[in-house]
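Below, each structure is written out as structure tokens.
In the two complexes that follow, chain A is the common piece, with chain B as its partner first and chain C second.
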Partner chain A sequence: MIAPAKPDLVTVNIDGQEIAVPKGTNVIEAARLVNVDVPHYCYHPKLSVVGNCRMCLIEMGMPAVDPATKAPIMDPATGKQKINWIPRPQIGCGTNVSPGLHVKTTSPMVKDAREGVMEFLLINHPLDCPICDQAGECKLQEQATGYGRGYSRFVEQKNVKPKRTQLGPRVTLDDERCILCSRCIRFSKEIAKDDVLGFVDRGSYSTLTCYPGKKLENNYSLNTVDICPVGALTSTDFRFKMRVWFLKQTNAIDTESSVGANTVVWSREGTIYRITPRRNDEVNDTWLADSARVLYKVVKAADRLAATETIEALVARAAALFKSAPGAIAVVGSGRSTLEEHFLTRHLANALKASAQLVSRVGQGDKLLISADRNPNVRGALVTGLIKTLPTQQLTDLAAQIDAGKIKVVVAINEDLSAAGLTAAQLAKVAIVYLGAHANATSAAAKVVFPTLTVFEKSGTLVNQQFRIQKTLKAVPAAAGATDDLVVLSLLVAAAGGATLPAELASLWKVIAAEVPALATMSFANLPETGLVLDATPFAALPFVEGETLHYKPAQPAVAAATA
Partner chain B sequence: MNLKPETLSKIDEVITHYPTKRSATLPLLHLIQEDVGHLPPDTSEWVAAKLELQPINVLEVITFYPMFRQKPIGRRHIKVCRTLSCALLGGYKTCATFEKEFHTHLGEVSPDGEVTVDFVECLASCGTAPVVMIDDELHEKVDCAKAKQLSDQIKAEAKKR
Partner chain C sequence: MAVITVERKPLTFLERTYLPQIAGGLKTTFKHLIAPKKTLEYPEQRPAIPVGYRGVPTLVKDPNGREKCVSCQLCEFVCPPKAIRITPGEIPADQADRAHVEKGPQAFDIDMLRCIYCGLCQEVCPEEAIFLQNQFSMSGYTRAEMVNHKDRLYELGGTLPDAHHKWDKKKAAEEHGNTH
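== the complex of A and B ==
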């Protein structure tokens, strides 16, 4: 995957446009660079090339040379070198560029070939677009419109195949819609390393099947639904829920681990319907774990907190608690908070003269898109200076200080203190100010509870394991009775006697850029879609827990990997 | 899988013929079918384990080729040619005769377990149509009378057993 520093460039001519592309590029990718669309089904940039759909047929030719002398043969009519066109179409996906390659994607032969392929693909394809989930984002639909003949000559009976096979707990297969591109088979084999899918039977009876007795149940099974060019593989969760063209797309980040996979959140009228991956070749390619796709369910969870008092009343009560115990306050932040929240939390801790700490969450990494560190933004806390060392899983120090009576007030931000090892007795001994979206033992024991937002209801940035700072945007409006974490934090900073800090991202980023040298040149608005990699050298000595994942190699042998 | 020791030794030998183990899939399936008579349900897993593949890879091959049988057949396999020359010279009647003689239908095991009749594509002996293959033996110019005679012969041999 590591590109050579200076790739050898090859000049090719696509529909009359000259372009220099790296050696090894295929015709589909080269054409994409000159904005020429070569329609395809089976080809996927992140999977092996099989060339079985034949949709990407193109006409190609090479400059003519004299066989004996190798001297170029000139065309007297144009004065340019003659092109020897191959009299048969070639597949674009399986043809790598070579110097001087000429490609035609709009010639009559190519048009004929595409119409022929489309006609064969549609022979046994059912006409159930009106009830098909893929409608609106279906390659077959788009390319039938773009490159098909427009009417059917087929008068025979269509094949009947299984209509609703459960391939696994999350994927439902409609075999009649399948065009046998084999993307899902290659994905399962090459990326998910769970080779359970295959084609059985022969000819027009070919059927995609999971091996009898096995299931497509790996944590990446829903990627097969994403890459299916037609509506054959559908998500059991999303099936028949919503037409895709009604949905609003919001770019976000997967918060289940420090990989920070890029996602698109699809919502309508304040309700999220699904989460799909967004291509980022440096982070997640085009993949996303299944577990990341159900995270949106926290937005409408039954245990969401809602305010019963005004925010001013809550802040006043928190301020009274802060005044009651000067010097005996602890702040527990969360590795799930955004970088902006970490920044304000640091200000809050400074204003309260309190120590700040996070709670670490460590799980088993899957070597693909889930890392061992299940907090998405521990590095954001390091960058903003909220913490200096890596968090621990248990708050034993804090527990000891509470027992010793040194801590009287704890500000807990989105962290359940009992899950982090504090006993009910210890929780009862202190006054807790809790900021969080969902009810838990800490919110139940807290004196003041600020209901805040889930990651889908707010914008911000997260710093992933590569120290890549990435934007996640607000997909749906805040739940009733919940306040943006940034608003709550800036009010608390002011109540604790700190500076007046803006809660709005654009203005807050001016303060962040001024105070955090690593982020000095950035603003929220101009952060690129694929993120920016920050300098990790100040933190090189820290023993991060992540093992190897896609596009990430730990700098030093990881602790979790060694003990696993 | 309950294979004969000589089949097992043939299998181990044939794997060495190929640069990659995967290439031995077809020969292995042929050997198992020769031994057992058909490919039992656990074939995919057994071959996959032997060749370091996934079972689905083997199942794809088994289901692709019509001559791999996933169900048991009769003691003898009667293959009647259905292609042009044989069809013109009465292959359909020949086939119907065998079906009638053994009270069976195409592709099924006859009630006495003696035969399975199949109507197959060209057996490459068009000059002597209609032709029939019984196991590995080719019978030429099999009209209804000869079909009856062959059937009687099989039944007689069955009685002796």
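== the complex of A and C ==
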């Protein structure tokens, strides 16, 4: 006989508060649910539990029962069941909840234990917080303040260890600061599957090091910097650049592939200093590829375009081009544009009675956080109805039409047409209206160039490979001489004789919600931080190029990139 | 509003002559001719500055002539009028006497048009590198002149005694054989 299915919940008591948590939860996570902080270093929710830092020591006990009769033993003083407390502290990370478990996190024994652990950790810690990049977001700093003794009894001389070891091209190791929590080792082994890190030697000689002849150079190496609870692993790119407390955090989305990893962009006074991952358990957990962290360099790139004319003059020239070739216009959108830009591009194509297409960008997926489709928002174009089929890598149809003289004007949005297979002769044959942030062969050949913004300078939404619509927000102000893509597109739609559409997100979303059934109930403001999954069934027949990545399994076997 | 009429007292005969007042005034004048001087002939003469005076913020060097600031930017953070601006930099590994400090300011600017002489920068400095010293008068013809750059700050600051020699302790530990 099968017992009826019970909800897999167990009730535990943490500092007097009862809470029901799923089976298999450990004490740290259970305490987090009742807003009790159990300090820890080595435990990380997405990595295996090793329990070697000993910071999460707690006192625990179980309700007492009579060994013979299994009847609860009552405490006459309180009238409740007696709790048999274990006389020594236990680690919270390695203790999974069991029914009736009682936990004390503030008892004198726990306080003593934490002070003792903190004191040992700080014995050989250099306390060079003034020069440490981790200062301000350092667990050791926070927990020394929160749970430490407050003064040092150590009068001997501290150990001296190497302070600027290059573990790889992007990661610098300061051995003195390392508290040997082994998070980086576990990350490399379990997540990045590149087991290059390890501890060598014993006692105070213990050192984190790379396997001889190897380097920490996989594309996920900077995650070790994120999860390092102290300043031992630091990013070589961000080293000594800016203190973290000056930086403004803006939630954004990684645009290097259709995974759509959630990120935080850290900026100060219009300059971006670094990009770190933002936890989203449905997309990227707490990880981010290294290649996604240098994307901010496009904002201050030397080849940024800047307007030499007013936007009105540029729009007037574009309108004249549109009038000169009715019915012979093509629109090339970009899989890197936001959903809102796709929506306006669709309106532009409709107003011009032009065909719209995207350029596909396919690379090798790494099965983790970089998918084969290197365009972050092809699905946004599908959802808004800009395109009906998947884009191709080469614009062969367009090239043929240009050669045949059927197309006289091309509106290229953020796409280099020469990279998409159009020859210089073909580019010279047509009048190009180019919208983009950076100079390239197309902008050089274009008749009208609208300098627009990089993804860090504008807000919008992107639809990732799971059909999850996610918000990316403006981190820094627009570069001088560049105009928001939405403003340019809405002006162009009006110039092409289309409807007057708002360029401001809140009002534009009212139009989008009214026109796109899949987005009918949404607005930009109420889109949750972790995104919303859209219905993918209308596009189920399309042969998407993505293979399997973290939290994503393709509905059908990935089609070889060659067919794209 | 109520009007209060104040009755003016008529002057006495002596008062009408003004002579007692003139005599009183002359008495004060002649007293100060022989009394010790209370004023200073500024700027040739300068006042004695009391201990703890908060003058122009300056950067100081340690007795070995080394830069003490490690560009932790705490002063920049604490500065209420945002007068301080620091560009942090790395000390190259080939500077034998300072490479172990790792970090130092590339640029350090204090805008004296913004500075309010509050002394919070001195209070917050973990390296005892910034001090509000005795210099109290700053002047210039342009706004740019009123920004003290790093060189000027060290020139104003000079060298102060160091009770801790914090970074030398590290060298000592190394020489003691604690290198692991």
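For this structure, a couple of remarks:
To be clear about the criterion, the second predicted complex is superposed on the first by the 552 of 564 C-alpha atoms of A that agree within 3 Å, B and C clash if a C-alpha of one lies under 4 Å from a C-alpha of the other, contacts with A are read in each partner's own complex, and residues count from 1 in each chain.
As a convention for this text, contacts are C-beta pairs under 8 Å (C-beta built on N, C-alpha and C of every residue); 3 or more make two chains touch, one makes a residue touch a chain.
Since we're looking at a predicted model, the values are computed, not measured.
Looking at the shared chain after the overlay, A:243 reaches chain C, while chain B stays out of its contact range. In the superposition on chain A, no contact is made by A:480 with either chain B or chain C.
In the overlay built on the shared chain, the residue A:155 is in contact with neither chain B nor chain C.
After overlaying the two complexes on the shared chain, residue contacts for A:77 are found with neither chain B nor chain C.
In the superposition on chain A, A:198 makes contact with chain B only, while chain C stays out of contact range. In the superposition on chain A, A:129 makes contact with chain C only, while chain B stays out of contact range.
More chain A residues lie in contact with C than with the other chain of the pair chain B and chain C. Residues of chain A that lie in the contact sets of both chain B and chain C are absent, per the superposition on chain A.
Against chain A, the residues of chain B that register as touching in their complex are 44, 54-57, 59-60, 63-66. Interface residues of chain A, counted against chain C in their complex, comprise 126, 128-131, 135, 157-161, 163-164, 175, 204-205, 207, 239-243, 245-246.
Here chain C touches chain A in the complex through residues 70-74, 76-77, 88-90, 93, 100-103, 126-127, 169-170, 172-174, 176, 178-180, going by the rule given at the top. Contacts from chain A toward chain B in the complex involve residues 189, 195-202, 209-212, 214.
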